[in-house]
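Structure below; questions to follow.
Residue numbering begins at 1 within each chain, and the chains themselves are lettered A, B, C, D and E in the order written.
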């Protein structure tokens, strides 16, 4: 078991490095830009996979969490707090290195929040919002839950569109780069492209590893049990409401973290990140990856977002996602990877299905 | 303008919006009661109705164009049910929700490529863009009266259909107890198809009557569906009277929220109320509390 | 054998990996009341459901009036003049008594006339004709379910535990109605736990245990057969009894 | 002292009264059976004891502590485990993982500990696996530990469900028709297993239709009819109670 | 084991797909000059992007038919951003880094343009935006230009007309998209200096179905003498209709977003008397033959309407001007060196476009004077010049 997981990690790592080396060799390293963006989006989808595939709850509001993360850091790191320079709390926070004074693009002296502090603030805000929404929403089922999460996403979207603090329809630009631990920098600069690709890879891989540990532990079994038979899970002593909420909050935080990294990487964020269509796309990708199959979700969503960001689908972009939803759910609701994998095995290995556990649980 | 007149005017503008939401919500409700599917693509039926009617109106008189659009969209509704939902009976709610969302996106994209991004509209049924009817010092567009009239007629006809016709009764029997309905010889699969068609037809009719007010564009379905959905939930899913009341309520709520709050947060207010209702009283304001087991334990 | 209305051979069905009915063969002739007895969980209800088309059989043959019906959906039953009154009085709770009966006559062109005949048979239903079915008492709901089934003008009526959960007085009333229906020429397959009452009105009966038919015979023979009691009350019973 | 006391419990659905004036007790170490015809309210009563349904009136006490009103998971934590009429295994998991879910109530590692595989969590995980294996061994399915739950036969699923219930370390196990769908041999094995469970110190309350099994293994029987107990006592007394014979065979003279 | 296969498969698939783009980028026939374009062809801003895309395609095709530029064909690489900033960023990087285009035209909306403004500046990439917002060229970025008239100019025209009519108290309505919020900002910023007082300032959803409630609020605000509405269709038609229906008989000023005869038609009689500043494209028939723009406008209108069978709009005109500016600059620089072309753009003088006559300077990257606009009105269902 463990060995196999280890091999998967190695393979994935090899694939990530291999892609980079291959691209460098063929002089197409520019593809890493879209790949990096797609990896951050994959993070959202992985979190959604946890909620949908394990806890069995649908969320049509994850775009909202991504936007909360991205906007929090964007607002805090671009807004000039120097008018409040002399108030006590700013002084205090400045001493704690939450604020930093710097010069903006046009030479004016401004005081902004450091990316690290903004990141932590974004995580905290997301957690609070996710609990406030998740606690009542997760008591609802089926359509009602879908509607409640959709409503939440729309509220976020409309607030972003209506507020001048968030730049209304234009969003926020000129978000500074984020220096991690002094060595790495999250930034869209061409010179830092390779580095940023590996930052995104590392982040996705780390999250995958942590979540793999999680789903193979008592918590993961509890979540899967809830998905499968909620009543039985409850009767087995699992506090279903609490676990659903925790999974929801965890995935919201993942989405928000993706939003923070993404915003620093692209240097800006717009309200369309919170639109219902965006949330629906995440659901489509989670479904395409097989929901409970986190590796599959990661690979598929990276791939498809990558293609989308490279304009492969042209003006049929949304149509592709819509069709994906319909086709996958009506033909292979467990995701196309499972039947595909079986077919591949049958063709190449001529193996018979072992009594092993279904792919979805891995 | 006195404050009393203003309040009346807000009320009328609320009714204008509300009547639009209500007519969308009625269609929602019908599919939901008969099949248990909450059709996120309902807004697309509305859009298709408007689009097809506008296109047809170049060739045939308006009433014929509208009739044609309603029939065509009803057939599309039936077709979608047969293609996508008939086989999916045993799938989870989550799957159903996702499929209707997928359909909504795809229909919208098809409409974009079939027509284009431009805004169209049907002519006002009576009067013109500038005509209005005075009601105690406030005014309202005659087209709103058309919408309200359509809501009333659809509601009454639907009510009569469900209560007094054989097929209508069979539809109610299906939603009440599908197994017993089957044992009474009712082909429930066909009946579900019928309910999709009927609901799509009502949506298309809605798309036609609201077109002069809201205009028709390929993207209009989504927001309308969400508002109609909110209206249906507010009124209590499965309760047609509730859908109408819920729609008017959402509209009036929005209108009066404009009077006090910045209009930019208009929708925020509407959705916040929706969330509140979902959390506190998921069976809706007019639904029975013993509803359909929305909550666990 | 006179006019065999229902003929079942080697029928198997179940749910998931569980086989509930394991190769049952039986027949019902026109004009008969045939009882199907057995303890809870013996597979009687599942058998009826698969006959009616609610459960897809795994194998075997079903012939109604000489025509094969296996695999047809439930709504075909009515056109074959075969109707199942399901367990637990499944009436349409949010519809009136009248509407319930009219739904029963969905395929019946003379439904309005038949409605009168049915409410004549069940005066309690006439009293409550415009009441919502969900507000009726258990016994009245059972009457309504019977009445609704009669509206289809059935040749073969399959009753699943009509006495379940009813007060003793009500049970008597239901059984006397069943007898009256027999006089009308309705053939019946009666699944019951209440062995004494069933054997009291049935012509023949089958006894089921764990998905198989373990006994069949004339009703009065079975009445005195201690094996029947054993099937209900366990093997210890026999020893104590004798 | 009684382990479980059900006192004057009532529950209705809409207008239908499913359970009414139900009172009985289960003593520690007993195998107690709850029988009655279809629709007598046995499963409803079970659901109330395990917290899936609320009670309208009356009290349910477990070890002298009132448990009605508690959530199902709290009741499981208190020491009552149950199985379902249709074995409700988690089909996306392997057999051993199913049983490991049972250990959930007795373990504590949180999300952070699980993500990071802290040593404490690792130790706990090993302990969970060992305990689950022990229970699987107890029901005789240890060889199938790694098989997918979906691939099991019906009888095996029942046994896994039993092992899962036992893995919660319960004082009382509620078995809802454990023999339904089992063949004669499997039923016999089940009877032996239930007795073995009692031997291991677990009290058993079961609903069962297979009278042979009930009469064979139970110490005490409660007969439920239309939601109310009409007789209680040891198997031999119950079999000869005319009221019981009447409700089962339908001779209603005795019931007035 | 299965998983290993899958992961391997996934990796292979990624690799294969990554290979493909290069295979397409074959450079054989006479080294075309590559120009990138980012338009919101679909999505919420498609009313801008779609005509821009069509116009740009038409122009480049025509150009190539006439022998291209500097003897080389022009290749237009169009990306549909669907109005999403992150896509605009991705596409801009793609165009800069891998397609190595000479210049980028678009994006259609201010939000997207702002997201890639810094990116283009850093990479020394010429960007000729089709979005109107002032912030795009103010502060001036060396490589960033835009073609539409400035919002501030539109506001100036509106305020001047108001002054003539003796209006000083207004209600400001705007939609919650980029177009609306940019206009709102300008009106708010310039009102005080022009002596205009904004009594009521509301933002509404761009897909609003009915606006009588907001207009009721306007009606209930004492002293409002005119309404300024800054949005695009359908909202701007709905505003006009709802005002008339409410009997709110005060002048309605629309933004230059009203620049499509279809919109006037959509509002029907309700549009009568609406005042708005717009480029001359809409009134080309009314222009005196001496007007320098007449020839260009008439030709564009004829070509576009013949090719696409739909009315020409000022938005398509922004795309026209963007292509024009880039191609003229290339001709003038007689080179495809990016910096030389940039310098050429900055020195374009007297270039006649659809929006007006461009006179670029290092300080002004729009190059349009106030007279690029004319005040227009709707009379008898037709857009005509507003004659004082």
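Please note the rule applied: a residue touches a chain if its C-beta (ideal position, glycine included) is under 8 Å from a C-beta of that chain, and two chains touch if they have at least 3 such contacts.
Since this is a predicted model, take the numbers as computed values, not measurements.
Fewest steps needed to get from chain C to chain E, stepping only to touching chains, is 2.
Common neighbours of chain A and chain C (chains touching each): B, D. With respect to chain B, maximal separation of chain centres occurs for D (centres as means of Cα atoms). Farthest from chain E in terms of Cα centroid separation is C. Separation between the centroids of chain B and chain C, computed from CA atoms only, is 43 Å. Centres computed as Cα averages put chain B at a distance of 48 Å from chain D. Chain A and chain B have centres, each the mean of its CA atoms, that are 34 Å apart.
Residue positions 14, 52, 71-72 of chain D are each in touch with at least two other chains. Chain contacts: chain B has residues 109, 112, 262, 264, 267, 297 touching two or more partner chains. In chain C, no residue reaches two or more other chains under the touch definition.
Contacts from chain A toward chain B in the complex involve residues 52, 56, 58, 60, 136-137, 139-144, 146-148, 150-152, 154-155, 158-159, 161-163, 230, 234, 240-241, 276-277, 280, 283-284, 287, 315-316, 318-319, 321-326, 329-330, 333.
Against chain A, in their complex, chain D makes its touches with residues 50-52, 71-73, 76-77, 81-82, 84, 88, 90-94, 97, 100-105, 107, 109-111, 114-117, 121, 124-125, 128, 146-148, 150-151, 164-165, 168.
Across the complex, chain A meets chain E through its residues 4, 7-8, 11-12, 14-15, 18-19, 22-23, 26-28, 30-31, 33-34, 37, 105-106, 158, 161-162, 167-171, 173-174, 188-190, 262, 266-273, 295-296, 299-300, 302-303, 306-311, 314-315, 317-318, 337, 340-342, 344-345, 348-349, 351, 359, 362. Remark: chain B residues 166, 169-170, 172-173, 176-177, 179-189 touch chain C in the complex.
By the touch criterion given at the top, residues 1-11, 13-15, 17-19, 21-22, 41-42, 79-80, 82-87, 89-91, 93-94, 97-98, 109-112, 114-115, 117-119, 122-123, 133, 139, 176-182, 203, 205 of chain E touch chain A in their complex.
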